[in-house]
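What follows is a pair of complexes built around chain A, which joins chain B in one and chain C in the other.
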Partner chain A sequence: MDITTFGAFTTARLGIYAAQKSLNVTGNNIANINTTGYTRQAVDQVSLRVGATNHYASANGGVTGSGVLVTGMSQFRDPYLDIRYRNENSSVGAMDAKLGGLEELSNILDEVGKGSDGNKGEGIMAAQFQDLRDQLAKLTGDQSTEDEFLTLARSSADSLVKLMNNYAQRLGEVEKNQANGLQKDVSSVNDILKNIQTLNENIQKGEIYGDSSLELRDQRNLKLDELSQYIKIDVTYEPVSVGAGKTVDKLVIKTSGDNPITLVDGDYAGQLSTSDGLVVNPSYASDPTQPQYLKPDGTGTNTASEAQKVEYTLTLSNLTNRNGTELTGTGHQFGDTELYGSLQASRELLTEAGEFSTVTMTKVDADAATKRGIPYYQNALDSLARKFASVLNAANTGYMYNSAGNYIKTDGTEITDIHGDPIHKVEILTSALKTELDGAGGVPLGGVLFSNSSNGDLTNDITAANISISKSWSTDASVLQNSFQALEGKSTVGSSDNRNILHILAQFDGKQDYKPGDMVTDATDGATKFFSGSFEEMFTNIEETLATDTKSTTTLLDNYSVSTTALDSDRDSVSGVDLNDEAMNMMQYQKSYSAACRLMTTLDEVLDKLINGTGVTGR
Partner chain B sequence: MIRVTTNGTLRGYKSSLMRTSNAVNLARTKVLTQSNYTTYAEDPAAATQAFKLRRSFSRANAQLESTKTLNSKFSAACDALKSVKGDLADGQAKISSLAGLNDANASGRQPLGEVLQSSAESIVQIMNSQYGSSFIFGGKDSLGDAPFQMQTVGGEKVLTYRGVAVDDPANAAALKAMAGEASYVDVGSGLTEVDGDLISSSAFNGALSGISYIGYGVDKDGDPKNMASIMQKLSDIFGRCDADTGAWASDQDKADASRLTEKLTDSIDEITNQWTALDGQTSYLTTSENRLTELSDNLNEQILGIEQVDLASAITDFSWAQYCYNAALKVGNSILSQSLIDYMN
Partner chain C sequence: MNTSDFREYLAFLRDLGATLDEITEVEQKKAEFVQTDDLEGLNECMKREQALSLTMRSCDQKRDAMLQMLGLQGVHLRELLNYAPAEYREETKKTVEQLCRQYALYRGAFEVARDTLECNLHQVEKILQAADPDAGAQMGYQEASPQLPSRMRTDFRA
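Our next item is the complex of A and B:
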């Protein structure tokens, strides 16, 4: 069957309509050139042919089409580029969050360019260590028992420990800020998940009604881009039948990794929360008779204190739709290394302790020993404070001995052991020896210089946050012992004998071994030293560790940013609006509009000829 | 890229412009701060090296300070010994004792004895000189009382060093220990301890024990070795001589005076040796001072070499960065140039 006499007008009309629609879309494209996330649209059109092939169809010659039909609108979008962009974006998010945290730490621990006015660059803590050493060195100039110089040395030590307190307190603030930041990020992610859920619902509705909801898709893509910064995700579109032979696409978002967890499934979405960190037994959710928690060894327990604890654990709720219907069993407690992106980077900043990682931490993350977050820097600073206090306290605590190096009583006679032999001095006193000497009338000298509070002389659990000048030292500057050696034949120490001050100076210059076990009792490599050097070198080492991490993170962020920008441009080359393109389209559609109009005029003239000018011969 | 879109071009431009602008900023910061790096992360290797050098610099300065103090103390000690040896011992005491022995006009023995007495007292005073608040020759107990004291015990003058009679053979052990006292100072010789014991060659002994210079104990004849005590003994002998005739109180006195005068000469020789040794130590300290000053200057130079920019290259870098930035801005002016739309009628 061929087109009817007036059917050709329809062809012209459809042409005009298609051209008009295309012009509208061109206009829409140009208007949205600056709209974030806008994807270039185009009119979907097909050539129309009315009727079907039948026996007589070709009897009168060829079959012609009946014009053009606009079937819908579509977007120019390359899903593969989206995947690549979002993968890269999660790296940008991770590095950006990490760098943010490291820079916050650098504000405290990076001493480059800092220092007193005249000595920029000598550092603050570094300079204070040097100042204390200088004050001690001054005591060796025949001034080792002079009160004014002893007071100077004590003031310098006081400034040093106060600096340590200050640094520790500021590190604590960074931790608080990061914890708040993580909470904020979690609620941002939850907002995004909810948004996507609503958009999914609306898009699906639109699709059922035949609307491709392109603008909503743009919004959804923007949200997906945003989400990809926080969490590395895999996005898939699954066809779902909505009845009557019609299918619509359902969007599913899963976390990327070995164990993909569904965050959004069409109009169902989960919500994240930070939990108490107790590792939940996965089978408990489906079978409450099972133990609720898992112990570090993987066995179950109902006792919270026995359960394995992973700090700042993120938990996903069961996926729920807007009506509150839950998909049971879809909730999940994320393991220590299951996520990637800025959320994970923030978690790592808050939890990773590097060399101070405990056995439990190493169990959940084999790389824990090389990941250093705020706890690492806190522990490192604490080890410095503890080592400093213990070495100097040990150096300043002892009993009087004679020129032969044997411990003596107040009357100058040597103290003997059970065999009657004199007891020779030792570098570090053991508590057993202390008891023995106390019992035998030994003469204790010096005392504790640094304690865990300014109200006493207790030396247990000293950290950078609590290290203080001991109460006895703060009330008596001469607790700093100049020497333990009695003058020959006497039971007093020479007033200008600086043997012990020099010993303390040697401790300043000597190398100390720093072991994770000094701070964390159940550290994986507790007995393996992670640094050996002087106090000042240890501090520089903390700075250096932070600096190299910051440097490599900056480089990585830079690279990821460049690739993300390049990928975004690639996406733009597909989806972006270009004025030259649209100008061409405009001209093209204008011309096709005119041509369709001209077709109508031509048809009109043809029919006019047929109707009014045909069969009038001889009239 | 298949299509270079308007926004794609703009985005690329924006990100490039930001980079260029950052480069200018960095170059400008370098010129303004004159530092090669302003954060540790910018150049961790250089920053670590600079902090290490700064530590050495601080050590060198502290050692220099200690060396200077010691040098002054040792110079003061040299001066003191010089007066003891020169004016008092050589000049006053030796001449007086020789005059007392040989002078034909022996009536002057008693006044000469007084001269010797005052010489002995002066020696004690000089050997009690202070440097700052410490007694130079106080050994390692120099912040207490004056080390040398002339006490009268049973009508006899007894010289004590930190409370110990220097001429009493019973005190031999204590005196020997005091004479060998050491109190070490870090003067940059590589302060080292092994198991808590100081390697003595790694530091400098800054304790000066007075008795090791002017002598202590008694010799085989039972005479004091201490210079002031010898003088005191001579003075006592001369004092016992007849005031008018100058005759010796006994033959023993005469023999003693002759023997003690010889020993005074010996002790002057000994103090000369000690003085020479002390002078040698002072020279060592002066050399150390110079070496440490040089080291400190050197270290400072090295620190500046690492931390400070070469201004010429920093300014050249800045100019280049600025030039690139200007060029980028110029390109920006034409990036939003016309499109086909501008040519449509």
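Our next item is the complex of A and C:
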């Protein structure tokens, strides 16, 4: 059946409507040229033909269409570029978060160009070590003002330990900031997940009623971009039947990786939280008779203290819709290496201990020994403080000996062992030897210089945070022992004998071995030294490690940022509004509109002729 | 294990790191040239990349031979520290860590260069498809449904 006589008016009307709609969309595009996340829109139209072939085909032939039909609006988007952009964005997020943390650490530990000696810029800590050496060196010279020099040496040592305390405290603050930052990020991710859930629901409703909800889709795409910075995600759209032969797209977001975990499934979404870190047995959720936790060896246990613990673990709740209906079994506790993006980078800053990683940590992540976060720098600084205290305490603690190097009693006679042989002085006193010398009447000299608190002389568990001048030294500057060797034939030490001060000074140049086991008892490679060098060199090593990590992270961030920016420009070239394109469209649709109006006028004239001017001869 | 052979192996790993640094630089330049549509520069990079790939290949063969000589066939780089003689442990740790870091930087640069190239190829593909009328709709454009809206169709189940 062909179009009816008056049907041509409908053709013209539909033409006007389509051109009008296109002009509206062009106007909307132009108006939104600066709107963040706006995607260029276009009118979808199809050629209309009413009716179908029938038995009584017109003998005249030439079946014509009936005009144009606007079927909806669509957006210009390239899913390929979206996927690429979001992948790169997660790398940018990860590197950016890591670099942020490392820079905070650099503000504390990077002393390049700092220090009291402005010319050398040798660093504050190095300058303080040097100052202590200088003060000790003064004790080896003129002894006339010895008391004053002893006090100066003690003040210098006090400044050094206070500097260590200050660094440790600031590292603690960085840790606290990062932990707060992680909480904030988790809450931002939760907000995004909730927003996406709501948007999904609204878009689906809109689709059911025939509205493409393009503006809501724009909002959702912005949220997806935002989410991709925190977590590496895979986004898919699945068709879902809503009845009456209609299907709508359901958006599903999963974590990217070997074990994808669903974060959002249409109008169901999960929420993240930081948990106690106890590794939960996956079978427990479906079968509560199973053990609740997993031990480091993978076997089950119900005892929390036996369970494997991963610090700052993130847990996803069961996916829930807005009515509170849960999809059971969709919750998940993320493993140590399951996430990627800024959340993971923040976690690693808070948990990775490098060489100080425990056996449990190495089991969870084989690369743990080469990943260094705040715990590594805290342990390294503690290691320096502990070594410094133990070496100097050992150097300043001893018993009087004679010129032959044999320990003597108060009366000057040599102390002998069970075989009657004199006991020769040793570098480091063992507790057994101490007991033996105490029992035999040996003369203890010197004492503890550094302790774990200013209120006592205890030397156990010294860290950078608690290292202090011992109570004995703080009340008596002469605890710093100038020599352990008695004057010839006497049982007193000569005041001008500075053997021990020289020995202490030698400790500053001596190479010390730093082992992870000194700080962390269950460190994977506890007995293997991770550095060997002087105190200053150890601090420089900490700085260098941080600088190297910062440099490589900066390079990676630069690479990923450039790539992300390029991808964003590519996306913009597809989805962004181009004024030239829109101006051309505007002219084109204006002409279409005019032409359709002209068609209407022409049809009117033609039909006027047919109705009023046909067959009127003779009337 | 012969310690001088091990020392030589560590020196070889450092050389390998230097080669990785070179390739990383080439990859970074490659991405830069792709972004600026500098085909000549890209061509030069490809040639350098090919030459360096051959160097890497010979390095790989040399590594296998050296590991065999040391009796460490199948030992991963990460595990090398466990087999290092005591006097070389510190050096081994530093060398291995440095090489791993260089490799991570190379991976980063390589991924960026590959992604940039792939995105550009994707663009080329889109242009070719747009130019070819048989290739169907323009990529990235959500095609209008050829069907009429449901309200204009008869629901035969009714």
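What we mean here is this: the second predicted complex is superposed on the first by the 603 of 619 C-alpha atoms of A that agree within 3 Å, B and C clash if a C-alpha of one lies under 4 Å from a C-alpha of the other, contacts with A are read in each partner's own complex, and residues count from 1 in each chain.
The rule is simple: a residue touches a chain if its C-beta (ideal position, glycine included) is under 8 Å from a C-beta of that chain, and two chains touch if they have at least 3 such contacts.
Source: prediction; values computed, not measured.
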item: Chain A as common anchor, with chain B and chain C clashing or fitting; value: fit
item: First, second, both or neither for A:610, with chain B first and chain C second; value: neither
item: Chain C versus chain B, contacts on chain A by residue; value: B
item: Which of chain B and chain C A:244 touches, first, second, both or neither; value: second
item: Which superposed partner A:560 touches (first chain B, second chain C, both, neither); value: second
item: Contacts of A:304 with chain B and chain C, given as first, second, both or neither; value: neither
item: Touching partner for A:84 - first (chain B), second (chain C), both, neither; value: second
item: First, second, both or neither for A:31, with chain B first and chain C second; value: neither
item: Partner chain(s) touched by A:529 [first = chain B, second = chain C, both, neither]; value: second
item: Partner chain(s) touched by A:544 [first = chain B, second = chain C, both, neither]; value: first
item: Touching partner for A:106 - first (chain B), second (chain C), both, neither; value: first
item: Minimum C-alpha separation between chain B and chain C after superposing on chain A, in Å; value: 6
item: Overlap of chain C and chain B interfaces on chain A (superposed complexes); value: 548, 570, 574
item: Chain C residues within the chain A interface of the complex; value: 28, 31, 35, 78, 89-90, 93, 97, 100-101, 104-105, 108-109, 111-112, 115-116, 118-119, 122-123, 126, 139-146, 148-152, 155, 157
item: Touching residues (chain side chain A, partner chain B) in the complex; value: 33-34, 106, 110-113, 121-123, 126, 130, 133-134, 137-138, 140-146, 403, 425-427, 483, 487-489, 494-499, 502-503, 505-506, 509-510, 536-537, 540, 543-544, 546-548, 550-551, 554, 565, 568-570, 572-574, 576-584, 586-587
item: Chain A residues within the chain C interface of the complex; value: 42, 44-46, 48, 69, 71-72, 74-78, 80-81, 84, 87-88, 91, 210, 244-246, 366-367, 370, 528-532, 548, 552, 555-556, 559-560, 562-563, 566-567, 570, 574
item: Chain A contact footprint on chain B (complex, rising order); value: 1-8, 11-12, 15, 33, 35, 37-42, 44, 47-48, 50-52, 54-55, 58-59, 61-63, 65-66, 69-70, 73, 131-134, 138-144, 162, 164, 173-174, 177-178, 181, 183-186, 191-193, 195-196, 198, 203, 206-207, 303, 307, 339-341, 344
